[in-house]
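Heads up, the next two complexes both have chain A, just with different partners, chain B and then chain C.
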Partner chain A sequence: MNYGELLKLLAPESILALTLLLVLGADATFLSGRAPGLRRAVAASLTVAGCMGAIYWIFFFPIHGHLFSGVLVVDPLTQVTKQVLLLLTAATALLTLETAFTPHVGEYFGLQLLATLGFLFMVSSEDILTIFVALELASLSLYMLASFAKGNLASAEAGLKYFLYGGLASAFLLFGFSLLYGLTGETLLAKIAAKITTTPRDPLLVVAISMVLTGLGFKIAAVPFQLWAPDVYEGAPTPSAALIASGSKLASFFLLEKMMTIGLSSAVGSGAFHALAAGWVPMLAMLAGLSLIVGNLTALAQTSVKRLLAYSAIAHAGYALLGVIANSSQGFVALLFYVMTYGFTVLGAFGVVAVVERQTGSDRLEAFAGLSRRSPVLAGVLFVCLLSLAGIPPLAGFFGKFYLFAAILRAGAPSLGILWLVILAIALSAVSLFYYLQVLKQAFVREAPLELPFSVKPSTQLVLILLALCVILFGCAPDLLVSKLLLALKAAAPGLVF
Partner chain B sequence: MVVAMGLEQMDQYAPVLMMALVAIAASGGMLAASVIAGKRGHRPAIKDTAYECGMIPIGSNSARFAVKFYLVAMLFILFDIETVFLYPWAVVYKDMLTTNASLILGGMISFMAILAVGFAYILKKGALNWRE
Partner chain C sequence: MIGLSHYLALSAILFSLGLLGVLVRRSLLVVYMSLELMLNAANLALVAFSRFNQNLDGQVVVFFIITVAAAEVAVGLALIVALFRLRQTTHIEDLNTLNH
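Then we have the complex of A and B:
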């Protein structure tokens, strides 16, 4: 292996790193002292150009390979996921133009890129050391992004809370990894799995799995590791919250799936109702059930839309966990489809919240009153996004849930033991419709005291409309994405046969 | 057998032991020499306080403290840790130069380039400007 090969394998990451330096450099040199609006516009266009360049590169120069037998894995599946992650970041960067909370423009966009770099490495690594480093790169950037509105007390609180909880979760994860290493003497996921089968099941392994799940459960905001989510979503600047909700979720779920199905493929266990067996499946089934109940029921009582989206994110983590629990390639595809479309949807919702917050100064439910008359476009986007989150056909959220339920039922086919979780998920899905409709009721039925039209930036309108179109497109023709994911998973096979 | 192996391993620590003895002897000798040969003089309380640099240890805990110190300390640690990477690199440099020159050179050059950009950035932002 030489340096050229390494650069080729890491081309998207390198492009992103160069963009990051460019954004920082441009903002520190010839843009310093200019109007903040101009600086934001330049930084956002550079960010979007960098992300698009990386997507273009992945698309037109497909390359696959393993570095040091799995420290860095580049296969079709990771490449598809990276493209979606880059799209999410580009959309977030454009939505950032809608806000004006910081004079440190270059740094804010730079940190978004740095977090994305972390996501890309999270997706690409199958070695616990690189996994941890990538996770920390993403997390540290996200902590800073969450606390970036320095003058705002809520943002500082969000950043500190996220950082303290996150630090604790990282410690757990590292402890779990060290136990896994101690048990097997390996750091590569596939080799860890091979060693676990050969030795008799160790109680320490159970401790290791629960510690790893604590660390990763924090990242995906599954109950009982969800306490940070509402405060962070509410207090952090809206674009930061959007990135935490979309890109970070996708990368973390990808990582969780790989960790479980490759690294711990020999300690699966069973979460069936009358046949619980020790392993990670029953643990995840517990997390999923709790997330579904707590997320959906707590969301009912929220009056802040960002907080509502946070609790709905916790509930959606519960749904997505079904895909991991299925422990099959269908489950993997269903999970990815769900989390990817969820990313687009939640980004659209956060975009609308950002505009409403800027114009009315609040993200309370009442602030959305009369939205359909004040800005029909925003109301339309909100309509599509929230109904998709609720799982109404023909939107992407419906098919996402459908695939997840189908995958998990097929995986446990003969006994249907996991049916309890599916029933719970479907029942709570009906509950979720209530709180999404609460927001839509404000937007479409209630009247605002002063119905002045909202002024929305053309770039924001474009992004929001594109996101809503994506949600509709993947709802009407889910096969566009699913077939791509299936093909990619098959091509990526050797490392991912299960 | 076990004992013999243990002793063999302990042998490796002989230089460390010698070093420790020399260090103790040197510092103890200096102190002793200054007590024996030095002039006994006036010894006010001020001589026992922090010397030249360092903070006075007793006082109110809410003393004002320039935030610049933290910034410089942070940057110092950052660059310090980054130079740590040079050591393992330098150790394998010669071997890898014959087998895999592009990796060992390209990797370090791009690492240093990123460092240089970072350094230019902190200079430009005035993070090292003490007067501001």
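Then we have the complex of A and C:
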């Protein structure tokens, strides 16, 4: 392994790091003292150019390999996921133009890029050391992004809460990792799995698995580790919340799936109601069930739309966990399809919230009144995104849920023991329609006292329309993405196809 | 003779003390110190396992954890200072703007 090869494997990450330096440098030198609008425009264009450059590189120079026998893995599946992550960041950067909460423009966009760099490494890591470092790179950047509106008490508080809960979670994760290392003497996930099969089941292993799940459960905001999510989504600047909800979710779920199916593949257990067996499947089944119930039912009572989206994100973490529980390649593909389309959808919803918040100064339900007359485009995007989140065909959210249910039913086919979870998920997705329609009712039926049209930046309109089109496209032709993911999974490490 | 189990017991005690501190103490700075204690409990376990498993991977991991923890200190203290400037408090019960 020489440095040339290393650089080739890490070209997208290097492009992103160079962009980061460029954004900071440009903002600190010839743009200092200029109008904030211009600085934001330049920083956002550079960010988007960097992300697009990295996507272009992955697309036209496909290269695969394992570095140091798997410390860093670059295969077709990680590359597809990285492209989606980069798209999500580019869209977030463009939506940031709609807000003006900070004079520190270069740093804000720089941190977005740094967080994305962390996501990319999370996707590529299969060793507990690199997983930890990548996770911390992403987390530390996200803590700062959440508290970036320094003069705003809500933002400072959101960042601090995110930090405290996050620190607790990474301590748990680390202790779990240290136990895994102690039990097996290995740090590579694949080798850990191989050692676990040969040793008899140890109570310490159960402790290690629960601690790892605590740490990762925090990242995906699954109940009972969700306490930070509503406060952070509500208090953080909207683009930061959007990145936490989309990119961070996708990277964390990818990491969780790898951790479970590679690292702990020999401690699966069973989540069937009549044959519970110790392992990570019953633990995750419990997290999923609780997330579905708590997320969907608490969302019913919310009056702040960002908070509502937070509880809906908790519920969606519950749905996505079904894909991990299925523990099959079909489940993996269903999970990725679901989380990717969820990222696009929630980014669209947050984009609309950002505009409404800027124009009315509030993200309460009442602030959305008369949206369909004040800005038909925004209302249309909100309509598509929220109905997709609720799972209405023919939008992407419907097929996402459909694939998840199909994957988990097929995985438990002989006994259908996991059916209880599927029934719960379907019943609660009917409940979820109620709170999404509450928002849409405000936007389309209620009248605002003073219905002045919103002024929306052309770039924001373009991004939002593209996101909504993606949601419709992947709803009408889900095969476009699913077949790509399946091919990538088959071409990836054969150990992943099961 | 001090063996692996002694180190693990100490590490578990440190971790529990840290967790207790996070849950019980009311000052942000003390909570923050307790978090660091939990990280160091994991470090101790890693070093002990590394010593008794006769392989160096664990010690390498510890060096990275120490570095990351230092970065975390920088971010964490900055966040506490940012809050202090707005609220003149480092009390955890004053983090209540966002509770509805």
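Here is the rule we use: the second predicted complex is superposed on the first by the 495 of 498 C-alpha atoms of A that agree within 3 Å, B and C clash if a C-alpha of one lies under 4 Å from a C-alpha of the other, contacts with A are read in each partner's own complex, and residues count from 1 in each chain.
The rule is simple: a contact is a pair of C-beta atoms (placed from the backbone, for glycine too) under 8 Å apart; a residue touches a chain by one contact, two chains touch by 3 or more.
What you see is a predicted model; the values in this text were computed from it and never measured.
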Exercise for review: Kindly say whether there is room for both chain B and chain C on chain A in the superposition, answering fit or clash.
Suggested key: fit
Check your understanding: In the superposed arrangement, does A:N327 touch chain B (first), chain C (second), both or neither?
Key -> neither
Exercise for review: Would you please give the vertex angle at the Cα centre of chain A, with arms pointing to the Cα centres of chain B and chain C, as a multiple of 10°?
Suggested key: 30
Check your understanding: Of the partners chain B and chain C, which touch A:L6 in the superposed model: first, second, both, neither?
Key -> first
Review point. More residues of chain A in touch with chain C or with chain B?
Key: C
Point to revise | Touched partner set for A:T96, first chain B, second chain C, both or neither | key: neither
Review point. Now for A:G235: first (chain B), second (chain C), both, or neither, which partner does it touch?
Key: second
Review point. Touch check for A:S124: first (chain B), second (chain C), both, or neither?
Key: neither
Review point. With the two structures laid over each other on chain A, which partner does A:S178 touch: chain B (first), chain C (second), both, or neither?
Key: second
Check your understanding: Which partner does A:T29 reach: the first (chain B), the second (chain C), both, or neither?
Key -> first
Review point. With the two structures placed on a shared chain A, what shortest C-alpha distance in Å links chain B and chain C?
Key: 6
Exercise for review: Once the two structures are superposed, pull the chain A residues common to the chain B and chain C interfaces.
Suggested key: none
Practice item. Give every residue of chain A touching chain C within the complex, in rising order. Key: 128-129, 132-133, 136, 140, 143-144, 147, 150-151, 153-154, 156-161, 163-164, 167-168, 170-172, 174-175, 177-179, 181-182, 185-187, 230-231, 234-235, 304, 307
Review point. Once bound in the complex, which stretches of chain A touch chain B?
Key: 1-4, 6-7, 17, 21, 24-25, 28-29, 32
Point to revise | Residues of chain C defined as touching chain A within the complex | key: 8, 11, 15, 18-19, 22, 28, 31-32, 35, 38-39, 41-43, 45-46, 48-50, 53, 55, 57-58, 60-61, 64-65, 68, 71-72, 75-76, 78-80, 82-83, 85-87, 95, 97-100
Check your understanding: Which of the residues in chain B end up touching chain A in this complex?
Key -> 100, 102-103, 105-107, 114, 117, 120-121, 124-125
